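Note that subunit A is present in both complexes that follow, paired respectively with subunit B and with subunit C.
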Partner chain A sequence: MSANWISTRAWLLMLPLLVVMVSVIGWPLVDTVRLSFTDAKLVGTEGSFVGIANYEKMLAGSNFQRALVTTTWFAVVSVAAEMVLGVLAALLLHQQFRGRTALRALMILPWALPTVVNATLWRLIYNPEYGALNAALTQLGLIDSYRSWLGEPGSALTALIIADCWKNFPLVALIALAALQAVPRDITAAALVDGAGPFNRFRFVIMPYLAGPLLVALVLRTIEAFKVFDIIWVMTRGGPANSTRTLSILVYQEAFSFQRAGSGASLALIVTLLVTVLAAAYAALLRRAAGAA
Partner chain B sequence: MERQSRLFSIFVHASALLLAAVILAPVVWLFVMSISPAADLSAKPLSWWPSDIELSRYRTLLSAIENSAGAAFIAALINSLMVAGMATLAAIVVAVPAAWAVSRTPAVSWSLYAVIATYMLPPVALAVPLYMGLAYFGLLNTVFGLALVYLTILAPFTTWLLKSGFDAIPREIESAAMIDGARLDQILRLLTLPLAAPVMATSALFAFLLAWDEFFYALLFTSDLRAKTLTVAIADLAGGRVSDYGLIATAGVLAALPPVLIGLIMQRALISGLTSGGVKG
Partner chain C sequence: MSALEIRNIQKRYGDVETLKGIDIALESGEFLVLLGSSGCGKSTLLNIIAGLAEPSGGDILIGERSILSAHPKDRDIAMVFQSYALYPDMSVARNIGFGLEMRKVPAAEREKAVRDTARLLQIENLLDRKPSQLSGGQRQRVAIGRALVRNPRVFLFDEPLSNLDAKLRMEMRTELKRLHQMLKTTVVYVTHDQIEAMTLATRIAVMRDGRIEQLGTPAEIYDRPATLYVAGFVGSPPMNILDAEIVGHQVRIARSDEVLPLPRDFKRTTVSSGPVKVGIRPEALRLADFGASGARLIADVEVMELTGPELVTTATIGGQRITACLPPRTALATGSTQAFSFDEAALHLFDPESGRSLRAA
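Here is the complex of A and B:
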């Protein structure tokens, strides 16, 4: 068989996938670019070419700048917390204790819970009148009166971050645990014999094994967190007073609530560009880490 | 770590208890809410244990009396099953040949990275044209249209998982069969695909869970019982004027049941998939 035929055969086998990808991803993406230079409405008007007016309007608007700050804060805080809690949980699950197998199995629960169910569950927990959080804190004597955790601009975003962390840190823990189990036992034993303390054992013996998988998890979680929509839509819809309005929520409102397809598309592409830059920066980081190892 | 001090052991056990409580408390509370009488849930101080076990909500949601909350819930359940089932099937059908080709032909593997890269696209970047396209073909508010859109997520993801699966099957087996005179279709049908069956099953489960979990496109592209999925139905309940929080909790428990069962049973396969293939957010 000639190399030529093998490559032709490969392309033929990939054809169905490529057709699907072009029609549900390629074409819509190109059309979003086209729309972003028009003043098209979602229904009805085709819209006419307006140049970069949409981009100028969106980038200069205070809505975009505020949503960018909110999104960045959400992504940085929730992913950082998930990483720290995940590694701590993994170190714990790597120790010997009774019920370890059961606890490891339980870690899959938050991950398996559908995002919308998780959001609904936490919305009920944070309920201002009957919520479990208010009840628990009152019964423990930590607060005097019930608070509206999701209804106050000061606490809503933090409440969302906690709900998001609860769902996602167990996944980081499971990934870190798999990496911990790959650390050869004789290496940790040797470090122990050489008198390395717990911190040095973690930093110099275990961390090199954790770094790769954790970096991958960090990349993917950050990108996911930057695109966040579901949990926020179900819990606060971007409120109160737009204090939890992230970029994806803003695009949704612009394109679908206000039906401004043109400016919505330009905003969506700005978000896409930000995610791409983020991903590219991470990819470079990953390559450097891989080269160093 | 061969000899642990007593103090360290106590610390480990206490931490394990704390972790178990953190993981379990919200889930158990969801279940408790679903079986507590409505009066218990609005009592102050809140009673943490149901005074009586109330199963009527499960009966309500699972009975298909016309125009009831149950009829709406069951319609959403069926829609979710159909959309996730169709999208998963279609994703596997297009992903298997592509994944095999990429795995066996390194020269075209760059195209896979192009496919994977689309996984990072925020759905908002595709939503407006997809909405207009679906409207043009009359596919808005249909399970078929939504399943088609779900391919944007499922196809790249399953191709990636299946490619690592095929990579693990030595190509020498295929070469040996070819030397023995087997045709390519025979090799794939009798040799490679049976060997890849486990990874195909895992990929299909992952894809199904992703589709089951999806909310953004379902919110945009469906509007009533004809196509609304469970995630949208639950978000409606949570954001609506339902006075019985137990009913919302019950819908949540029922929607969470399939993925939680799959998660617990398939634990090992899921975790190896998570650590090798990718991470679902």
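Here is the complex of A and C:
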């Protein structure tokens, strides 16, 4: 069998997948690019070519700038908190104690839940009339009266970040736990004999083993957090007063609520570009980390 | 005053008893090797001394002070691990000095100690490298340096040479011996390699199933093995063990007409007749004339293997195999019948039931 035939056969076998990929990803992407240069509405008009007018309008608009700040804040705070919580949880679950296996399994639960379920759960917790958070804080004497956590611009984003952390820290914990298990026992023993305390053992001995896997978790989580949509849509729909409107929510509103397909498409492509830049930067970081190891 | 005293140390994991009461007292400057096959408890004992495992009973004293309740860092010990256990992110210099750094030794003093140790181990040129840039032998030197630099009262070695290739292992063995002779440190060294044990130790504790089978100098272990297990474990090729029977003042090899005189120091009180195990080291056997007087065995030559320095010859007596290490240029033919002589002192008798030596103490 010639190498040529093997290569031909490989392409033949991949053909169905390629057809599906081109039709569900390739074509919509190309069409989105086309749309972004038109003033098309979602329904009715085909729209006419307007050049880069959509991009100019979107980038200059205060909505975009505000959403960018909101998204960045959401991504930075939630990912940072998830990393810290995840590593702490992993360190805890790496200790020997009774019920460890059960606790490890239990920890994955928030992450395994569908986002919609998680969002609904947290909406109940934050409920201004009968929410558990209000009850707990009132009974502890920390607040005088029930508050609408998701209804106040000052607290809504923080409430969302907490919900998102709860859902996603288990992923970081899982990755960190796997990395912890790869730390050679001899090395921690050596550090113990060398007189390193818990903090120094973590910093000098364990951290080098955690760094690589955590970087991967960081990349995954940042990109996901930057694209966040579902949890916010279910909990606040971008409100109140647009205080939780992230880029993805803005894209949705522009394209579907305001039915401006052209400018919605341009906005979507801007978000795509931002995420791509982020991913490329991380990929470079990962390559450098792999080179150093 | 003992530098290290191990008193009735026991270790249980649930129902499994891995250490069944170990007692050893070590003088300052002694090199004790814990020798045994895997699972005998030797590494567990070392970890207990280091404080990396807790005993179920007993006590350990370093310089007359019980250390069991002390943290590993406060035990005045240093340990070298089989896997080297170097910190992968740190330079060689920092690896060596890490213990001093954690003990807050001033930087200048630390640097000097690291340099001195590196010079001693001939790794001065490697101080700026990372462990991943070192060969196995170099890593092992760094690991030893990390232990030496702290100048502890007791050094613990956990199979430090078993990850090295044969040639390097021999070099490092000599190096360790040189260091010990120079520094006169107290060492507890775990290995399953009997050559390492014989060459390095001032005393060997042969361990089996959580007990000490025999504790003695290398010469005692080799010349006067206390049990069949020790006899078979120490020596390469291992001691020949033959089924035999005591008949009057003689020992008859099973299923043959071969008889040997009873050794003079035979402990007649234990066994006066009946089955015994006879042990003769392969290197004690010499080729002899059939008519020669003294202790000798007649056997049929089966296989000959020239290793270079010696001709390892396998022969059979009454269906039992014996091995003899003969000079390399010995003229022998496969299938021939030969007489092998040996000194009467090289003959060992063991109780087949208990495995204990029948030599009078």
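Methods note: the second predicted complex is superposed on the first by the 292 of 293 C-alpha atoms of A that agree within 3 Å, B and C clash if a C-alpha of one lies under 4 Å from a C-alpha of the other, contacts with A are read in each partner's own complex, and residues count from 1 in each chain.
Criterion: a contact is a pair of C-beta atoms (placed from the backbone, for glycine too) under 8 Å apart; a residue touches a chain by one contact, two chains touch by 3 or more.
Note that the coordinates shown come from a computational prediction; the quantities given were computed from them, not determined experimentally.
When the two complexes are overlaid on subunit A, subunit B and subunit C sit side by side with no clash. Contacts of A:Gln65 after superposition: neither subunit B nor subunit C is touched.
Contacts of A:Ala190 after superposition on the shared chain: subunit C is touched, whereas subunit B is not.
Of the two partner chains, subunit B is the only one that A:Ile125 touches; subunit C does not reach it. Judged by the touch definition given at the top, the superposed model places A:Leu42 against subunit B, while subunit C stays out of reach. Panel annotation: after superposition on the shared chain A, the angle at the CA centre of subunit A between subunit B and subunit C (CA centres) reads 80 degrees, nearest 10. Of the two partner chains placed by the overlay, neither subunit B nor subunit C lies in contact with A:Gln181. The partner that reaches more residues of subunit A, of the two candidates subunit B and subunit C, is B. In the superposed model, A:Phe256 lies in contact with subunit B only, and not with subunit C.
Superposition on the common chain A brings subunit B within a closest Cα-Cα distance of 5 Å of subunit C. Taken together, the two structures place residues 192 of subunit A in contact with subunit B in one case and with subunit C in the other.
Taken together, the subunit C residues at the contact with subunit A in this complex read 47, 50-52, 71-73, 77-79, 81-90, 98-99, 102-103, 146.
Every residue of subunit A that touches subunit C in the complex is listed here, in rising order: 184, 186-187, 189-197, 200, 204-205, 208. Note for the complex: subunit A touches subunit B at residues 3, 6-7, 9-11, 13-14, 16-18, 20-21, 24-25, 27-29, 31-32, 35, 42-43, 89, 92-93, 95-100, 103, 105-117, 119-125, 127, 129-130, 132, 135, 138-139, 166, 168, 170-171, 174-175, 178-179, 188, 192, 213, 216-217, 220-221, 223-227, 229-230, 233-234, 237, 248, 251-252, 255-256, 261, 264-265, 267-269, 271-272, 275-276, 279.
Remark: subunit B residues 1, 4, 9, 12-13, 15-16, 19-20, 22-24, 26-27, 29-30, 33, 41-42, 44-46, 90, 93-95, 97-98, 100-102, 104-105, 107-108, 111, 115, 117-118, 120-133, 135, 148-149, 151-152, 155-156, 159, 209, 212-213, 215-216, 219-220, 230-231, 234-235, 237-239, 245, 248-249, 252, 255-256, 259-260, 262-264, 267, 270-272, 274-275, 278-281 touch subunit A in the complex.
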